[in-house]
């Protein structure tokens, strides 16, 4: 029983890692751009397909594929910013519809380029770290966990310690005030979109060898990410990370002990309860709602 | 007088419409008619400024309720449809207690979560909801004759007349509500909720009223759908469908009563008729996505803004 | 107008003809095919969206089938040879769009036969089938019911063939006594769970836990695998899952150190599963869908026309896309073609009569009987032998064909018991 | 006679900050009552507590001896206490007429069923009549079809009051009604308020414009740093040493 608990805990840590990467990107985009990026799950998908192309098809090293995934999806983010969200800055619902349109296009492109079937990605490593008789974690999952910790720490440093980060946080809190202080909103929007999209892309790239890659894989990712950022409070990066961890643990443990559908219902119910008790999420403030 | 003539001509055109279409286009016309009710009722909800992602699931509540009533209790189909609408409205009232503690983005996602929970409950409880397979063999609307016309509700033309009649009655009610002091109060709640409240408007009550009325009509729409295709399942009311309703409303524009209807009609014809006829069967999602983006970029106020420009110009000249 | 005709006592058959006449600009159904005019076959399955993987590869297979048949001169009817042509309609796995598509294919395109994936989309099409008398086929026999006489399940008798795999397992490894089942919680997974439960019970294999149902939106399978392994089973049963789930589940089983037996309905792209785990781990994996280059499929008992050649062509055109649905639609066409040639007509009623003549039919995997009254309320499923496939040294090998009706004669009551427990009997599915 | 409006030990804390501290005063029926004090004295907070916009931390607001503190804004409004807002808080997208019609919400409560079948004609006509009356009273009749957001600043303030007036309030709470008005507009507005008082409406207003306050109010309550400072007629207040001290002291601090 103790083994089962420990193994389930490890499973939860992995889930928390990739969920938090996706959720933090979504929060960052919403904070700075003020739009709900419905296509975020498809950015995750795009990152996974980069690995299919670069690592599985072109046989480049996995590490390179992940970096390409980050850059490529980051650039997709820049494209979205320039072509969709910037012209629609005063039209948040328009941004929502545009991101839905973008989502459809990305899905269709993936289908055309790679087919409707799931993709094959050779395992990066088959090494399993044995922590006990019945407790183990595959090395590939450890990579994801480590990468998440490194990336999120780097992001934290960037946001709290650099001028860019300061500008980003300022414009997330109050765009008008930020503009008055001489912060270029266009500049911060670009940075936020690149980082936000890139995080989704790298999460997709890192997990690609571990999950089923198909054109519709983004759907369940975006649903999870929405739940997480609502529980954490929409404007809050810390909230998103803490909520990711909480959600991953609850969902993983309920899945293991009661079943997957019950886990989904539990996750959604928890989110509703949080919203009823504190309508702005655990770490959210009311003004950006 | 002239107005009456226009309405008569409009009615005659509607009656003649399905006879100019191919069989599959008649089928699409039936679904389009139902979707017009769904998107119009959605607009009523947006009048108070809140955008919900639960609307399609609540439409499903009406569909499930009506289907189960006819199947398990033998209720006469039109009565069951009305009851489906009422039950959808009641569920909306229940949901309003948690949901209207939230606003804006939180409401959007909160409503999504509430809808997903309902969908998962349908999936999880095979008895009575049929689980993932849903409900099959739903009683069709019983055929009847009105002397000059025999209704055979397998035929899309008959069902179009039936559904069209109900939808027009519903649209008329929605229009009356919007043009009444109640509708004005919805606008007030949207634009300045604090000032409205200071004038004695019970915000919560009006938000709930809009949510419940919109949900009731969505429920009737769901029931109309269920008794036509004869089967419903949790997947029939998923986020994809909701996204379509949302895009119809926004691409059409929600400033006017006819905006969302326009969006629904134009986008449905593009997606279901034009793109299929042109042979883009498997490319449709790509092109549809591009159309969404183009329309939102170049027509930020929706398709209705074209109509407005046109009517203004003709009013001037 | 049409409704008045109906009121005047129109039968199904004349109805089809009369609507075709009233259809403005719609071509006539192929019942009155001119000589040499192509026979149109409807393909009504998801081609876009999340379930497209169950339609698109089948259409690809049909295209190859049509080319091969047309190259050989087409289908021989009374009035001479006709080429065959597929008309597809993307139903997006939505019952309403399936209904629209069925109407279009029947009343406007004038097809003679419609192949569907079935499942959620069938109930939407059912009224159209009932009214028009059009002949339909489905891949999912759980769609069958006594209400629809013109729906056939001539290719895949999912899930009943699963019993053959369990039988093989029990015969070959009598020491394996315990099993845990996991399944996706939907129309595909549940009847399959009931079948496996019956098959394991028939062979005295203990099912250790309630089958673990997961939502089709699941991406991370580590928790489910952890749970399955916690009861230390001899066998893990993967039920009927999409390959999107079979692969990550196997990978997790491998990584969490599982060493026992595995049985599953499908193992599409098993070479990738081997690459993700190891040859040793996948050795002995039991499933039900052979590669069509298997020499056992060139045997005389096999009715699928040149299975090996078909596979070769498919693999050439769509590398890495071969799966169960790739051949199933085509195998239905083999059956249909034979029946149409026997009837000398493409008329749905005549073809169906010829197909079901004598209560037997030529199923892809051998001669079979039309069967299913007890389970489906109608004997419209073509059931006979089904192959048991085992992975040996990295390659799927047919280990033999086992008779499904024989199993049912012995253990039918078990199957019905478990089907009822999961609300999967035809009279419960309402 | 019972007290019309009485504020008892009213207190509001925001975190550690005490914005209003145990405030007591009362308003007599049929008077114009001013609430003044230097910046940050807690006038607007007091206002917000009376109107139900804030829930007081402690203390009571008694209307005809009924405690209305902590009620929602619309519940307070339905008891006859209707407020205006600082700045031009209006339904900017709607026409002037529609704005005032929303003000008639309470006397002519809309009913959705009557509205659908058309049995509310009397109510609609009544509401429209009342709205016209309100527009006429505030001299906005000619602008009825304009979009509220397009009005001049003075007209917007008047419209804000017209919305309030349309609901037949017993007590109007006016939040800085003269801000941004030129002397002529201020004079006209003062006349209107006197006419309101004659019609039996009680007015409680927060204002910075000392001249207007002194010329208009029957009684004035002065606050400073959240506390009650003094109360009396315009003359008493003008010469009250504590008031002078507060304003001069405040001025010094500001400077």
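Going by the order they are written in, the chains are A, B, C and D; count residues from 1 in each one.
To be clear about the criterion, a residue touches a chain if its C-beta (ideal position, glycine included) is under 8 Å from a C-beta of that chain, and two chains touch if they have at least 3 such contacts.
Computed from a prediction, not measured in an experiment: that's the story for all the values here.
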Central chain (distance from its CA mean to the mean of all protein CA atoms): B
Mean-CA-position distance for chain D and chain B (Å): 43
Inter-chain centre distance, chain B versus chain C - centres from mean C-alpha coordinates, in Å: 36
Whole-Å gap between the CA centroids of chain A and chain D: 49
In chain B, residues with contacts to at least two other chains: 120, 123, 282, 285
Shared-contact residues (touching 2 or more other chains) in chain C: 48-49, 56, 185, 215
Chain pairs in mutual contact under the definition given at the outset: A-B, A-C, B-C, B-D
Touch list for chain D against partner chain B, complex: 51, 53, 72-74, 77-78, 82-85, 89-94, 98, 101-103, 105-106, 108, 110-112, 115-116, 118, 120, 123-124, 127, 163-164, 167
Residues of chain C that touch chain B when the two form their complex: 2-4, 6-7, 19, 23-26, 47-49, 56, 88-90, 93-96, 99-101, 103-104, 107-108, 120, 123-124, 126-127, 131, 147, 185-187, 190, 215, 422-423, 429-430
Touching residues (chain side chain B, partner chain D) in the complex: 173, 176-177, 180-185, 187-188, 191-192, 194-203, 209, 213
Residue ranges of chain A in contact with chain B within the complex: 30, 36, 38, 83-84, 87-88, 91, 93-94, 96-98, 100-105, 107-109, 111-112, 219, 223, 226-227, 230, 234, 261-262, 264-265, 268-269, 271-272, 275-276, 279-281, 289
Footprint of chain A on chain C - complex, ascending: 48-50, 52-53, 56-57, 185, 212-215, 217-220, 222-224, 226-227, 229-230, 243-245, 247-248, 251, 254-257, 269, 272, 275-278, 318, 320-321, 323
